[in-house]
Structure formats: structure tokens, C-alpha cells
Amino acid sequence: MADIIMRRDPGEPRPILIPIVFHSGYGHTARQADAVAAGVRLVADAEAALVPVEDVDQSWAVLHAAPAIIFGAPTYTGAASAAFKAFQEATSRAVMAQGYLWKDKIAAGFTNSGSMAGDKLATLIQLALFAAQHGMHWVSLDLPPANNSSIGSAEDLNRLGYWLGAAAQSNTDVGPERVPPEADLATARHLGRRVAQVTLQCVRGREAMGL
Amino acid sequence: MADIIMRRDPGEPRPILIPIVFHSGYGHTARQADAVAAGVRLVADAEAALVPVEDVDQSWAVLHAAPAIIFGAPTYTGAASAAFKAFQEATSRAVMAQGYLWKDKIAAGFTNSGSMAGDKLATLIQLALFAAQHGMHWVSLDLPPANNSSIGSAEDLNRLGYWLGAAAQSNTDVGPERVPPEADLATARHLGRRVAQVTLQCVRGREAMGL
Amino acid sequence: MADIIMRRDPGEPRPILIPIVFHSGYGHTARQADAVAAGVRLVADAEAALVPVEDVDQSWAVLHAAPAIIFGAPTYTGAASAAFKAFQEATSRAVMAQGYLWKDKIAAGFTNSGSMAGDKLATLIQLALFAAQHGMHWVSLDLPPANNSSIGSAEDLNRLGYWLGAAAQSNTDVGPERVPPEADLATARHLGRRVAQVTLQCVRGREAMGL
Amino acid sequence: MADIIMRRDPGEPRPILIPIVFHSGYGHTARQADAVAAGVRLVADAEAALVPVEDVDQSWAVLHAAPAIIFGAPTYTGAASAAFKAFQEATSRAVMAQGYLWKDKIAAGFTNSGSMAGDKLATLIQLALFAAQHGMHWVSLDLPPANNSSIGSAEDLNRLGYWLGAAAQSNTDVGPERVPPEADLATARHLGRRVAQVTLQCVRGREAMGL
């Protein structure tokens, strides 16, 4: 990752690196995280880094340097997984107590669970509240409602109808090699691309203003 | 409704009347309300009364006398409809300021919107917070997750995956004579029946304790 | 605890035992849990059992047998602590997968944090959603708004203004021997007593109906 | 307002106009809105426009043209006021159905109520979900927790402990000429200034990228 940041001619627009901090218990949310990363990479000058919460202690410097961080967790019993929550709590010391190092970064979030709704909104709200505690700016999914009329289908982007972030639904008896379905992965890619685009605008704006 | 309450032999178990206060903009939530009422009526000694928010000013006495009230509203732009919210606010004077007349009543809720999820959880939370402000007890849907595996289907009860209350999804280009689908109406009936059963238990318990 | 349940003459009203499952990182939420337990014990025929989440594996049988369970967790970074969330997730196997053993139990919740509001409402909502996933009935705090006028004070019950459950605020530089303040402990006692009273009504009602 | 936008030399940085759409039932939230506007005006090149929801039908063009919109509503019975919700619903036709005209604008929010917490978080979440449905980016308050230690006080910025937006507490028996207190008005000014600063960064970034 250091390579990406260092190798460039002076004057060239600086590429951005967007870490995706996520937890996945069975691999389904990891596939969603991969799709978010693929979406980030669709944007010129943007690169993604996947950071499983298990590796976060080796990744604080990357997170602190990034202009945006995307958060992802499965929804278990109506909230983000305990493993992800432990990461959230680790930021109290590693980020907040160091002087709110994530202030003004862009943030966004995604979640997966077995049910269509399945209290996933509660997890997305949890992620947005967490970002707000850090003074981050929250980027929404920005996809219109879909799969909500007689001409809609489960193949639609945003088939589940969320706006605060990207949601996926994975049948609980099917492995991550087959679910979440393509519609939900495409929705995740959309989020990644959007976050990269918005982040570039903010970064370029700060550069233009000499901040 | 007075008839239902009055006509009984002394010593007979007193029937209960459960009002369903709801708003429906286009008729879909009204169909859901009808299904909740049908569920209530499946229980011996329980009767339901539909109270559109437009008629609430003629219905305060019925609401005050009831051992349980079920709330229903469509989800518009991520929250209960403004028409339902106006009813919520009317209870400040008509119920709270009169001495918290709804304290210890049973409460439950339901909502309908066009999308599968569609921020419906936010409306159910809004209804539960409202009930808590009144000191009411909130009865959950009590249906396991469904439509969440390769053997599940959109015909399952609780196909959308909610637990705080009953949810329905109605295609936005289809009239209320055809949607919400039967699975969501059956889910609504389930909620009505459950609320009636739980309410009877609480009422009989208070009678047994001489309260 | 077995003693409480076993030692009684036939025909005597059966006492109820209400477990309080809680996590406390620094001892403040433990004091709140103690106060909830003291409130339960104010009610004749009601006993409380404190179950730290660290001990839950030895306590499943007690939880399964109880007519009510009260949940408590500190609010860290905008949600219940990871330690409490791990307990929530453990119930997937230990409770849900065994046939939803907590269905129809009474539930209630409490939380503590450093700030007046401090996203504590998010934790209370998380606890209520969790209870709903188990098919439990949620009992609200039932205290009117307080500390909200020129004659109110920080000594009022419910000084913080919550209704879904009991909230406490503990200064972050003061040990649990001195905070949360008495007003918040009294609020917690109120919740405990109320849950015991409502639970007795439901239990007596089921007995009266032969359920 | 047209003046502000038009009168400038070519090449000069274009000033931005940030409308504050709000409802106030008794004048307290209006004072909070005034403070947010004052905060916006602290930023060079930024101007604020107060838009009471009662006037929104004359203000759609201003809202559509703005790079940011700040939303404010009192918290009544646990959610934004019905009058504000009616405005939210009006955007379905006036904004969403016209092609999601508010997509990618900056958004932020504030709320006032009588209690310290008083379910204000529910209103802030409602505003953030609404903004997300429009595809807007949500700017957080970015103030650390305060009034949460033995050296804190009710004069602290963010004395109530919110992060998703700005909150105020107004005693219910005191008129808007005296409450909300200065700490809450200063918190509101902080939000207004922050939104203006972030908005300028995004606007300048889009200009730099030729968007």
C-alpha cells in the first residue's frame, strides 16, 4: 500500500486509499466487503484495502492516514457483531484518545444477514452513530427504492430498500461461494464507487483551499 | 362497542375490546389493519375496533377504556406518516396531561411500505418509543426468521424478517385490493391474535390479584 | 436460588425469580444492576438474581426458568458493550435454536454512560430489539419526563428523560463507589420494582387461565 | 438571496447559500435555528436562509439550488414534529419524483425538547435517514463528549452528549426568549459553522474536478 501512496510524479493528482474495516463470521460479509472494494477500484485514483477486524492492530496507521473508511459487519441478534463492536471500542483509545484522528474523514457502511430486513437497519444506524462519534461525514447509498413495484424484481440494485448504507441478504443454509446474490454484490460495488467519488471531491476541495 | 362490554352475565369472564389506531394513505395499511383486527377476533373473549386517526377525536373514551391498543402507520420517507404523528402528538393533551391514562396498557405496532425493508424498522421503533412514553408494555411479533434459506419462500409468515412488530410490503403500482400479499396479511393476523392472547393473560392476572 | 423456588407450601403463591443479566466494564453499570435488583426485591413474592455476562454459561437454566429477564449494559461508542453483545449472540444457540425458550417472558433494560444522553437511547433500542427477536414482552420505565422545567432538578427520578428503559450517567473520572448518582439509582430501583409487579400480573394471569 | 448568488466578479469564489428548513411549535427550536444560521454566517463565502416549513412551498427553488440543507425539528412524543414530517413527505413529489434533485447535497440536523435526552436521538436518526433517502451526505456535530466528568459543567458545548447532530434542551415552562440555554445555542452555532466549512470543501472540490 505504501507503494501506491509514494510512487508518483510531483504534480500528479495524489491517489487515495480507502480501507474497508469489516468482520465476517461465515464469509458472506467478506464477499460483500470484496464487492465494496471492487467498487472503490472502479474509480481512477482510488485504491481499496481490506482490513478484517482481526488485523486492525496492524492497521491503525493505514486507517489514520486514509481520507475515508468504510465499515462493514454482519447483523447478529439485531446489531453489528460483537467482534465488530470490539473494534469500535478499541477506537476509543487508538483514535479518540489520540485527538480524534478520524475527524472529518468520509465514512460509510454495509451489513449482511439472513432475513430480507432482519433488523439490518439497526446495524446501519449503529455504524452511522459510530462514525458521528468520530466526527466523520456519512455517505449514503444513493440508490432509489427498487423491487417495489410489479415491474421490479429481486435482481434490482437495492432490492431490499435501504439508503443509509448497503445491505445484503444471504440464505443461512448456503455458503459464501453462492450468496449474497449478485444484486446485493452490485449494490455493494455501487457503495464503494460512490464513496471513492465523494472522497475524491472532498480531498480535491481541501487541496484547492490549501487545507 | 358499548354492547360488547355491557351484555354479559355476572360472573362471566369479561370480554376485552382492543382498538387499532391506524392511518392509511392509499388503503394498503388499512388492509393490514383489517388483518390485525381479524387476528384479534380469533381469540375468544376478544373484540377489535378499527379507529382511523381521522376519527380519533370521537374515540378517546374507547381508547382510555381498552386494556390494549395496537398502532399502525405507513412508512413514508423513513418514519410513520405525518397524519399518524399528528395523532401521537394529540395524545400529549388527551392522554398524558390527563394523568397518563394509557399507563400499563398493552401495545403493539405494524407498518407497510413499498420496499422490502424500506426503513420500516424505524417506524416500528417510533411506535415502540411512543408506547414507552405512555408507560405501555410492548408485545413483539414472535415469529422466527423466515424466507431466509433455500427452502424458505415469499409465502412464509414474517417473510420480511421483523420482530418488533408486523411489517407488510405493497408494490407501489398496485391497489389495496391486491396487496399487501397474503403472507403479510397472515403476519398481521398473527400479531392481532397474539396481542389479544397476551392482553387476556394480563387482564386475568390483574383480576386474580384484585388490582 | 433453588431454595426460593422449592420451599413453599402447596397452594401458596409461587414466588418469582427475575435474573438481571448485565455487563459492567468499570463497576458503574454493576451499581445500576444492584439498584434494579433492590427494586425487584421490594415486591412481595419476587426475588432477583444478578448474572454478570461472564457467568452466563452457568446460568442458562436459571434464565430459561425465569418469567422475566432484565438486560443491562454500558453504552460504549454508541451501542451496548461488546461483552454484552457476545452474550446476545450466545443466545442464538443456547435459547433460540433450542426452540425459542424465552418466548413470552417479560423483558426490560437499562444502560449507563458518561454523557447525559450519549447515544444511550441506541443501547435501549438495541436491548428492546433483542428481546423482540426472542418473542419477549418489553416493559417500559413508566416515569414521566422530569428535570425539564424551572422547578425540576437533577435529583428527579428519570432526570435524563428516557422511557424505553432506565438510564444512568456516571462521570468518567469518578469511581463506582460514588456514581451513578442517587437519582439514577432510584430510577433503576423503580424499573426493577415495576418489572416485578408486571411479571407477577402476567404469571398470575397464566395460572388463572390454566396456561 | 438571488443577489448573493449573482453579484460577483468572474473568477471570484462563488459564495454558497445554506437553507435551514425547520419547524418550531413554541419558538424554542426557532432560536436554535437562528443559532445554526449565525454559525453558517461565521464562515466567509457562506450565507444562511431560514425556511420555516410553513413557507417551504415558496422555497423549493432555493432548496434545489443549495449545496447543503440543514434540517431542524422539535422532538414531540419521541420523533420529529408532525409539521416537520409533513414537509418530509412533501419532498417525495417536489424533490424525489423530479429526479432526486437533492442527491449529493450536504445535510445536517438539530432538535430541541424539554428533557435532557427525551428521545432526541430518535429525531436525529429520523433526519439522517431522511437525508439518506435523498442521497445526501450527513455531516456530524464533531464535538467531543462534555459535561461528563467532575470538571465538566452544563455550560459545556455539547453538554447533552450527542454526535449525529445538535441538540438543545428547553425547560417547558420557560419562553423562547430565555431558553434554550447559551451552551445549546453555542452548540447549534458550531454545527452551522461546521456545515458551511465542509460544504465549501465539497463545492470547491467539485469545481476543481470540473464537475
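Think of it as A, B, C and D in the order they're written, each chain with its own count starting at 1.
The working rule: contacts are C-beta pairs under 8 Å (C-beta built on N, C-alpha and C of every residue); 3 or more make two chains touch, one makes a residue touch a chain.
Predicted model, so just to flag it, every value in this text is computed and none were measured.
**Student:** Any chance you could name the chains that touch chain B and chain C both?
**Tutor:** The common neighbours are A, D.
**Student:** Could you tell me which chains make contact with chain B and chain D both?
**Tutor:** A, C
**Student:** In whole angstrom, what separates the CA-based centres of chain C and chain D?
**Tutor:** 36
**Student:** Please report how many Å separate the Cα centroid of chain A from that of chain D, as a whole number.
**Tutor:** 25
**Student:** Residues of chain D that contact two or more other chains, please.
**Tutor:** Within chain D, residues 78, 119, 122, 125, 129, 132-133, 163 contact more than one other chain.
**Student:** Can you check the complex and tell me which residues of chain D touch chain B?
**Tutor:** Going through chain D, the ones touching chain B are 76-83, 85-86, 88-89, 91-92, 119, 122, 125-126, 129-130, 132-133.
**Student:** Using the touch definition up top, name the residues of chain B that touch chain A in the complex.
**Tutor:** Within the complex, chain B touches chain A at residues 78, 113-122, 145-152, 159-163, 167, 169, 171-174.
**Student:** Chain D touches which residues of chain A in the complex?
**Tutor:** 96, 100, 103-104, 125, 128-129, 131-142, 144, 163-164, 198, 200-209, 211
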